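Both of the next two complexes hold chain A, though its partner changes from chain B to chain C.
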Partner chain A sequence: MRKTATKLMALSLAVFLITGCAEPKTLERMGLITTVGYDVTEDGKISTTIILLQIDPEAPQDFVVLTTKAATSKGARIKTDLKSPKKLQSGQLRVALFSEEVVKLGLINLADTLARDPSISDLTYLAVVEGSTKELLHAKNAKFSNISQLIYKQLDQNIKGETIPSSTLQETMHDYYSDGVDPVLPIIKGADGEIEIIGVALIKRDKMVGKINAQEAFYLKLINDRYKAGSIELMISPEGFKFTSNSSGPDDLAVVLDTISSRSDINLISKDNLDFEMKIQLKTRLLEINQALDLKNPKNVKMLEKKLGEKMKSDIEGLIAKAQAVESDPFGLGEIYRKSVRHADLTSDKWHKMYAESKVNVKVEFEILRTGVVE
Partner chain B sequence: MFFKKKKADILNSMNKKNLDDMELIPVKKEDFIQRMKDLLHHSADLHIKELQNGLTLVYVDTITDNKMINEDVLARLEDAQPTPDDALKRINVGSSGKLKYVEEIIDKILKGSVIIHSDGYPIIVEAAVGTQENRSLTRPENESQVLGPQLAFNESLATNISLIRRYLTNPNLCNESFTLGKQTNSGISLLYLKDIADEEMVERMRKRIQKIDVDSILDSSTLVQLVEDNSLAIFPQLLMTERPDRACAWLLNGKVAVLVDGSVQVIGAPLSFFEFFQSMEDESVRWQIATFLRLLRIFSMIVSIFFTAIYVAALTFHYEIIPQTLLIPLGESRSLVPFPPIFEALLLEIMIELLREAGARLPTKVGQTMGIVGGIVVGTAAVDAGFTSNILIIIIAVSALASFTTPNYMMGNVIRILRFPLILLAGFWGFYGLMIGFCFLLIHLIKQESLGTPFLAPFYPPRFSDWPDSIIRFPLAWTNKRPHLTRPRDRIKFQTRKSKE
Partner chain C sequence: MVNTFLLVFVVHSMQLGVGIQGFQRIIFLEAKHDAWISVLISGVATAVVGFVMVKTLFAYESSDIYGIQYDLLGKWLGNALNVIFVLYCLGAFHVIVRNYIEVIQAWIFPEVPNWLLALTLVYLVYYALNGGLRTVVGVSFFSVVLSLWLTLLLAYPFQFAKWDYLFPMFEANIPELLKGAKQMTFTVIGFEIIYTIFPYLREKDRVHRHMQFGLLFTTILYLALMVVSLAYFSGGQLERTIWGTLSLFKIVRFPFIERFEYVAITFWVILILPNLMLYMWSASRGIARILNKKEKKVSWLLLGFIYLTLIFPLNRLEINMMNDYFARGAFYLIFGYPFVLYAAVLIKKKFFKKEGEANAKNSD
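So, the complex of A and B:
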């Protein structure tokens, strides 16, 4: 019994003394990267701009911006370490920004590096910047104290508020590796000390091929997201409506709608002709209308429903045509095809050729449930 | 292993001791008096009173009732015949009898009896006239509660048993008596309900008590350490209570209770780990509230053990998991501290332990100063001086507070101590270390037994029918069965349907 006790003691001593400790990453000694931006320089190198959290009560601002040029993103990190008093760590990364030029050349090398680093969260948002990310991140901002927090919160708020499609690292990588669907990334632009989400980038595989505006992004979300889309402002022609007062208002009738529930259903009708049927059910409430229309009259509401449905249908058809023209499939029609056709043997190249020739019949069932409640 | 052998030897030698080995009582009066004086070493309080008619009274006056001796014994024996039979007939004491051996009468004298020797007879008459030095019944101090009986055991074995008998007016309540301790000869009582308690459990407890060979038992907390299953474990495996209602609830669930003379705590066995987090008040309040309170206590145990360790691990190794809005205030208060998080946490934990230990031994009047010293000087000044971070103060305070919610003092102590190894593990290996610590604790708990029954029941092994009264409490009608843990002879407490009507 005494022998085993001695052996145990020796073993535990060995475990404690020989193995040593894990490598500590004490919080206040780490430079925590919260936002990273990638640009391409003229000589083809990557210019990386990072924003670090500045943990110092006496510092004038609570972040630091550093820019370095290198051939790879990790190479840039090594170089940036030389400029920083604290060891750089990307475990708190929230947003990764790519300039339009970078995405036009191909996103995947950079995104893959992010995805393979285990300390980086899969829920990091990716976004495209119109112009240079360096300028955006270095811009002096009088309205907000911390630009990295601003960009993160703005993306987060709009994605959670159902205004634009979600574009986390995980979703982007998933869409890239699926043959029948292409990723989408929001486009942001900095101007006059403000940051605005101006639309969504259309991407073929990992290269940006076009862009759509914020309203079209709403339709994209309506098609892709099964349950809920956000609010939208629609313009329709005032023909056929009887207004209560004949005031000479604006030419177009503007209606603001808030989605209560939506459903989209895409089916492959004919696999030879590549005919798709896209059914969209939308239940909304009317928030605002810019001309005096008597909404207590059911006839008016019916007419409004009909006209808005038609407007939506044509808008969606326009969006699909636009995406087909650049061979980008953010709707995931390829996945529907692969799901419906046995032995489809779909590859990304094969699908992008087929996609341009496919036809989509859009059906919109539009309903205004309430006109009274206004948020 | 060799301990056990030794114990068994002693037990055998005790059994061999024959009645014939005992010393007979001297017949002659002078011999008897001399023998008594020798055996009790001429003790100052030993009284030997020789009466005219040849009777001799021996007693220790510090533990006997003078009034009883004068009125019920002395006054009646004045004109008695000098025979044991006549003396026994005349004395007016309820508990009296005849004895044959010297060892017996010494025992009786020391327990407060007066013995009467008749010249020429080898037989002694004994009458119990002892006083019970005993404080009156008070409110429970350690297990106080708002609802329910406000009564605690006191230091007298007889009073304690009478309290239990008052609650359980039941002929099946068995009381077995033992004497333990070579020097102290303390009285021990083993109580159980015959038709409910499992005979095997009772036998196991009986054997464990009989096997004990110590020189003294002064309190039931010492006895617990001698009868529990694993004395190397950090967790107590038997629970003690000072509430008679709780002891009765245990008996009614088929448990056994062990009482020690001179101790206010009653030992209950077998018990599961989760009963350390239950209070009698859970039975008095409504079931929703009882469930909430029980879950709160389990939650606070986890908080108390792991909260500081998680802080240390997160700040030393896993900055990724800290919410970004917390990063700046946390980092800023940390940036002034010269030590790594593990030293910071250990320092503050030890400060809290110092405060607590100092407060526990101080009189209440001085205790108020402690609050000021602890709260203001240590708390505020430590942060101002850049000794610790603000957030750590909050975390340590919360985990200290959480450790006080455990209704059992013994378990509370364990929770306090467990923090330190976990902080060390977290400081050296981060969450990996914490995980190892947690697994070690869990395996340790699973291995424990309480009177031979699994300690983590009813969760390991899973006994679903006992779940309604574990870390939650369902309405009384749902908990009409006694727990599997005690293997009760009669599992049904009452019929649900009848109780509803």
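So, the complex of A and C:
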């Protein structure tokens, strides 16, 4: 008898106390933020544009775009609540966009706000927008029904498909708080109702200092990632090749390659001279070639490999020189230095000075494994 | 009486608690990227102390720390030390609940008041203590078995790991490593439960082996967590992450649960329940033995008292300070005092053969 009474008491206590103590979150009354964009206004404030998911079958479109100005991003959030019929929730945030001006002024305060909020996922993508994020998010177009989904899926597809470096919140914060490597963010641009990833922003600490195009982004990925880089189109001079038919094609020989496996190995050769050696091994398959080259002839394939290897080497050297000129280290050479030198006591400032003076010796080992199912 | 085999689970579940949620940062601040060596050192230290504790208990046939201290120092001094041990257990209880509530409020329910969360936990402990020690040990067994799968989720942060961050190895000097190991105190304590649970273990000859298994299991788990954290976070990031282990779970994403850390945090209650129950059981047993009262009644009173202390509001800084003081006290009590006690027991054995052992005999 007493036992039953105790059990009943426990149950009723649980039921009465636990329900209703936390703030209830009814889905229909929530505005789920899926995308947020930050711009700077002329008076130095932050203009925040958010896209809310509408959960209402009778709504004319399934998302709402709201823009507000405030001194801080959370301040903007409070003001946006005043404009919104639903309580804003950021748990479904997928993409955070920053206009170029914002990133040039420094990204970290905004990114830190995102990282501080436990409801925001560490897998949120960050990206830079060429132009204004407000315009991009407000753009009306018949081709897509929901721009926030479009941007998210496009970034997701390209990052998972190994075309551009990954830029989740976790990775950006990781690189920012690491002394020997700078974060990278993809740059997107809206034009004529399409959204295009046009390259990658070079960042020094948290400030954007330059940009590289999509092809250079491929090389960056090749250097940084162990597993796989995507496909690439390379142009080389046709000198020295014997073509089967003397076609009067384009001047340059264009080759499209798909990476099967790649490995990059960076080592510090001399810590006093800051000499690095970067070895890149690349195994590819040939997808397309724009002129009739006899691939049955091993000589031709060897030559092609050699020329493509040289081309890649010079491209990579160009990329490194470009990044060094703006003192941005997306390759993580500083981490290699820190790892190889005992008691390096590396700080970000110290490294960025050293980085500009360091020399990188690039070696590319390039191999074409297959040329498709026909020869 | 409890099967000695279960001691593995009791020891492990007692060590695992709130400390593990954020131990990476405090160790990293001392030992930098060699923090994993500190974890290893602290693991060795627990093994040594565990050995000494068991040896001390073996000197008496079947007694606990309360009986031993009473026997060594007499009624007044012995009981005074017993009260200190009881206070330590209550302090541990308080600190665990505090930290867990803070995690719940920082991550999931910012508005849920202290009194409610504390009440639910205290009530659960009350419920289990009414079932006696066997229930409590059962809870620790299930706490370990049911949470083993959480370790598999380390595979997610593993994908983002950059092993370069572990190099160059042994860059920290020995004092730094030892300081880091000292900071582990808060995370590794809990195995002192052997001092009170010993009389209830059935096969005494296997106690030491199972104790060491439990400690080893904990050390391996902590080491794995530390290594993954060091590779997953960059240095500056780790210094700023209060709850490193929970942040590791932020990266876990399933098609049906996008934000896994919410599950992990709420699941944590299963990990801390054995701590709370066993600490409260130890404390009430101590008081019951000092005052010769019924254990259950004492535990009700103690739970009521501790609940009142838990309602008192503290902010993040104060909680940090409390953790610090508690860890410092625990360091001397767990990593210093057992040696003194063992020495005292040895001396006593040598000079006063078999005298007064009847005193220390377990009354149960």
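The definition used in the following text is that the second predicted complex is superposed on the first by the 352 of 375 C-alpha atoms of A that agree within 3 Å, B and C clash if a C-alpha of one lies under 4 Å from a C-alpha of the other, contacts with A are read in each partner's own complex, and residues count from 1 in each chain.
In this section, a contact is a pair of C-beta atoms (placed from the backbone, for glycine too) under 8 Å apart; a residue touches a chain by one contact, two chains touch by 3 or more.
Everything quoted here is computed from the prediction, not taken from an experiment.
More residues of chain A are in touch with C than with the other of chain B and chain C. In the superposition on chain A, A:109 contacts neither chain B nor chain C. In the superposition on chain A, A:34 makes contact with chain B only, not with chain C.
Once the two complexes are laid over each other on the shared chain, residue contacts for A:24 go to chain B alone; chain C is not touched. Once the two complexes are overlaid on the shared chain, A:371 sits clear of chain B and of chain C alike.
In the superposition on chain A, A:123 makes contact with chain C only, not with chain B. Using the contact criterion defined above for the overlaid structures, shared-chain residue A:91 touches chain B and also reaches chain C. Once the two complexes are overlaid on the shared chain, A:281 sits clear of chain B and of chain C alike.
Once chain A of one complex is fitted onto chain A of the other, the partner contacts of A:72 are absent, as it touches neither chain B nor chain C. Common to the chain B and chain C interfaces on chain A are residues 21-22, 91, 119, 121.
On the chain C side of its complex with chain A, the touching residues are 106-109, 111-113, 116, 119-120, 123, 127, 160, 162, 164-165, 167-168, 171, 233-237, 239-240, 247, 250-251, 253, 258-259, 261. Those residues of chain A that touch chain C in the shared complex are 10, 13-14, 17-18, 21-23, 91, 118-119, 121-123, 170-171, 173-179, 181, 332, 335-336, 339-343.
By the touch criterion given at the top, residues 1, 21-22, 24-28, 30, 32, 34, 53, 55-57, 62, 89, 91-92, 94, 119, 121, 149 of chain A touch chain B in their complex. On chain B, the positions that touch chain A within their shared complex are 1, 314-320, 322, 324, 327-328, 330-332, 334-335, 340-341, 428-430, 432.
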